[in-house]
Amino acid sequence: MPVEDFKEKLKKVNQFKIDKSDNLVELIKELADTGFNAKRLAKACEIYKEMVEDKDCTKFFGLAGALIPAGMQGVIYDFIKHDFIDILVTTGASLTHDIAETLGFHHLQGEFKIHELNDTNLHENQLNRIYDVFLPNEVYEGIEDFVSDLVIPDNNIPVSSFLKTLGEQLPDNKNSILKICAEKEIPIFCPAFTDSGLALQLGFHHRDLNLNHFKDMLKMVDLAWDAKHAGVCIVGGGVPKNFIFQSLQFCPTSAIYAIQITMDRPEPGGLSGATLEEAISWGKVNEKAKYSTVISDATIALPIILLYLKKSRKPK
Amino acid sequence: MPVEDFKEKLKKVNQFKIDKSDNLVELIKELADTGFNAKRLAKACEIYKEMVEDKDCTKFFGLAGALIPAGMQGVIYDFIKHDFIDILVTTGASLTHDIAETLGFHHLQGEFKIHELNDTNLHENQLNRIYDVFLPNEVYEGIEDFVSDLVIPDNNIPVSSFLKTLGEQLPDNKNSILKICAEKEIPIFCPAFTDSGLALQLGFHHRDLNLNHFKDMLKMVDLAWDAKHAGVCIVGGGVPKNFIFQSLQFCPTSAIYAIQITMDRPEPGGLSGATLEEAISWGKVNEKAKYSTVISDATIALPIILLYLKKSRKPK
Amino acid sequence: MPVEDFKEKLKKVNQFKIDKSDNLVELIKELADTGFNAKRLAKACEIYKEMVEDKDCTKFFGLAGALIPAGMQGVIYDFIKHDFIDILVTTGASLTHDIAETLGFHHLQGEFKIHELNDTNLHENQLNRIYDVFLPNEVYEGIEDFVSDLVIPDNNIPVSSFLKTLGEQLPDNKNSILKICAEKEIPIFCPAFTDSGLALQLGFHHRDLNLNHFKDMLKMVDLAWDAKHAGVCIVGGGVPKNFIFQSLQFCPTSAIYAIQITMDRPEPGGLSGATLEEAISWGKVNEKAKYSTVISDATIALPIILLYLKKSRKPK
Amino acid sequence: MPVEDFKEKLKKVNQFKIDKSDNLVELIKELADTGFNAKRLAKACEIYKEMVEDKDCTKFFGLAGALIPAGMQGVIYDFIKHDFIDILVTTGASLTHDIAETLGFHHLQGEFKIHELNDTNLHENQLNRIYDVFLPNEVYEGIEDFVSDLVIPDNNIPVSSFLKTLGEQLPDNKNSILKICAEKEIPIFCPAFTDSGLALQLGFHHRDLNLNHFKDMLKMVDLAWDAKHAGVCIVGGGVPKNFIFQSLQFCPTSAIYAIQITMDRPEPGGLSGATLEEAISWGKVNEKAKYSTVISDATIALPIILLYLKKSRKPK
């Protein structure tokens, strides 16, 4: 880039004031011309808003990390309910957690000092720990009852078809991700499905069950191929990130909007921490894409983005 | 902790909904019973609120990192203006950046791809880079004019006294941290003062200048000693964190409120990433203190905490 | 723990000297009584050595992250060759990279400044970037030739059986992980197999291919169930970590040796960064296990551990 | 960079074997053509070797982080003894820890689970914790005896002159950094000296003590100005990093060799995590410099670099 062009693009850092009202949308707008991750978060909000307003955009959403144990089930549910997600790719653990809460079981938390978290004691008391959240064994017993009664319509169907069936058989619930995806016909892909408590119970209770993971993979490629515009929001990285990105190589325009929220860093070379620019070299993200990586715990960034989207949305 | 007590403290993770209004205070309250850093941020907001409402609390604020280049000058200014800070400990760089903006110079930013940030070109064009923010050399020339004209009242005064004088000689400005601290008689400590562009220019233009760093150190110990209640908010760690904490060892009750916002991690053993629990072993934080470490970029967490404090504050 | 017991376990930090010979084994021994990650790395070396010497130990090895592009193919090969791994769980990407190198293609690297890595140019020149390593498109074309000619013995076999067949059909190679695993009958599990370039090409060229992921999952549970002693080494986290750990819940004694090498941190709640102590609460790691988490890039830690194991091994 | 030039610089990633002897120097050489942090560490070793062999090079060494509590006192001592450091910039904490060990006191460590580290108990038992290392209060009492008897030659001398005097008054010791620096006339700069336990005790026992920090700052600028070639090794970042770099702006050629070892990341904008390329924009590092940032715990990287330097050194 010639120096003149570079200089021309420079603007003052916005030394903003918070003095108006308790208004997150205003705050995000102020942050757009600051620096570091505040700017990146503001940019992510803006890009997601554009994705939502772009009627031609297929919105891929990759969800990794224990967000439901951390209380984000309702947030993700609302992303789906309000049409902010067209295709969900997630982990078997997230589906397991979603079923637990949907069946009326709960993840637990409290105020503890580090040395009060004695994992040996927790184990003896059947409390499985996820950082500062606890999942009692009885939750898994509840899931097991549900799984053992589950009607498997057909063997060798894709995982995504199976998950639709599963969502339909769940009770009504105001937060259930599987349920609302089934209702709204939002496909859920789960490439590492057998890496989960849910799959273990399925395997134990339905010994002959097989699901066709390759059909999911090819279906996902077709969805990317057919996308007029592709947009992605990656939460946490992992398999969902790679599965979306490997498919986007087959999207004629690659992703033209891309957001990722992660605490991972690029230098150790793992995909979760890889920059979105790196994805341009692979043809996964378009060279002219609007993109932003927010280095933040998703439990902070995701509710803010949702609030921004809901509040700044044009009335239909 | 006996298992019964542990179990009694467990509560459901709050699977909250964002459905009311664009209201950050409500959101923070919802996050208090979730998990991970959302919970920690909510807890930090609550603890800071308590600190502000506790009339006996001396509020120590440690500020490290290039927050003013990232647009946070007005946010920090407001923490001071609204009496959320009683004693500020910061770096020479932050003071340099504050003077730059106060004199009417600006940090710059823009939309660039990584490969467009060619540091050799930037150097040739006299644009000094701080991650995604740029500081033109001319800013330093402007500061130099100010520094060379500065009236030094007395040699061998504490750095904090010198900074008060400096603040008084700055022009009026709606965001200047040095200015408002001088006006409100909020002491600013800067233990590594000579590690800054400001000090370099002072040294070049006032060759005999000496400042008495030991008097600052002892004054800080006295302030901690005299604090009925001590509360701390640490942003980024570094020398400000250690300087506050080494003084709090002399506070009869140690800190009873403690917040830190950092991206550093504990495992490499550096103080910036050290947990607040570790500080209990040193007698810097009270064993019964309310405390929260938020793993977040300060540019995201700090405006949220400010907004929360301003909105949830009881009218006087 | 009573204070007396605590104090009794305290030893001097070893202020060691490097003055003997260029001898890594000696260095590692010196580091065992230091602090931070040096101590953790030394402990990991010791634990792995014990695992290897324990004839009853089944050694599970989880491999995530782009280690082969970073030059670690020969290191991992040697872990297998020297019987340091009994069961390998990895990602489809690692298998793809292994095939590429085995077929005589190469990952590329060089000395570049950050701004010289223009991903748009790289894309135009068909160079796919993995941090500071480059994978030319022609490599994928070479893999495609191999894949299209591949003899698929049977449909609906487990992924691990398929990978054995694939390894057998690869040419001889002194570094090939798939090849040596096939030869030594070391099972390779790949729960997220369809999340890979290899699987995409299989899907395109063998349209009816299905593999039975559930059989892998159940086979893995059986292997854990049958382990007299279980030991794990987790590199990078991800699906391989969870897949091993979910199986170890069915091992009568859980893991009694556990090592993990990761750059991820626990606080955002994702499994990759979760502590090994957390795994005790789940019954994945035994409460009396010897364990060590090394916060390090695996490209640094893994060759050191291999060198230590090879050198400190008792002659048979 | 034209594409042809880029492609010409590309080389195969080295899929090396560890099969020769327990020889770290060989291993480091193999790692030079790999990727990620293995490559960076190898490059750092090479660059440091060049610095040592360049007779015109002034070697600045910035030391932050609790490396002496972690057992690295002898390693740093050897860097000094073997002329790998010409100018040392460090923290007051490191000097305090060095005095403690030099006077015959010890940092402590042991094998503990996380929940066994109850900081309230530690506090009651006068054990101050630094991650997994413990410093008993009695150590501070021992330092206090030394400090109260210390002969202060002159008031208002630079910190570096005072530290030389202090080193001379320490007993002989095979690991003491202060002692060997005094003997070899290696200057130690400590810009945040009053931010330390050592300074607190000096302040309490020598109430009128003042030290001239500005003279240190200007002396450091002179040293940089006079350096024919400048090389830097930054451990951990912090004030030592900035203090060296602000001085190097006055070195006619800036640093032509630069190494940093850190776990901090660039994105939050703090100096500790800032890339060495960013320093080029400031004129702190030369645009043609050889440089390498190693993302690693210094307790792992530093002994490896020392071993490499000692072993690969040409006999005089």
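Just so it is clear, A, B, C and D label the chains in written order, and each chain counts residues from 1 on its own.
In the analysis below, a residue touches a chain if its C-beta (ideal position, glycine included) is under 8 Å from a C-beta of that chain, and two chains touch if they have at least 3 such contacts.
In this text, all values refer to a predicted model and were calculated from it rather than measured experimentally.
Fewest steps needed to get from chain A to chain C, stepping only to touching chains, is 1.
Among the remaining chains, C is positioned farthest from chain B, on the basis of C-alpha centroids. If each chain is reduced to the centroid of its CA atoms, chain B and chain C end up 41 Å from each other.
One finds 33 Å separating the Cα centroids of chain C and chain D.
The geometric centre of chain B is 26 Å away from that of chain D, both derived from CA atoms. Of all residues in chain A, those that touch two or more other chains are 35-37, 69-70, 114-116, 118-119, 130-133, 263, 265, 267-269, 277, 295, 297, 299. On the side of chain C, the complex with chain B involves touching residues 35-37, 113-119, 265, 267-269, 295. Within the complex formed with chain C, the chain D residues making contact are 1, 3, 6-7, 9-19, 22-25, 27, 31, 33-39, 41, 68-75, 78, 101, 106-116, 118, 121, 124-125, 130-134, 174-175, 263, 275, 277, 295-297, 299-301, 303, 306-307, 310-311.
Across the complex, chain A meets chain C through its residues 64-66, 69-70, 93, 119-120, 122-123, 127-133, 156, 191-197, 199-200, 202-203, 209-218, 221, 236, 238-239, 242-243, 246, 263-272, 274, 277-283, 287, 297-299.
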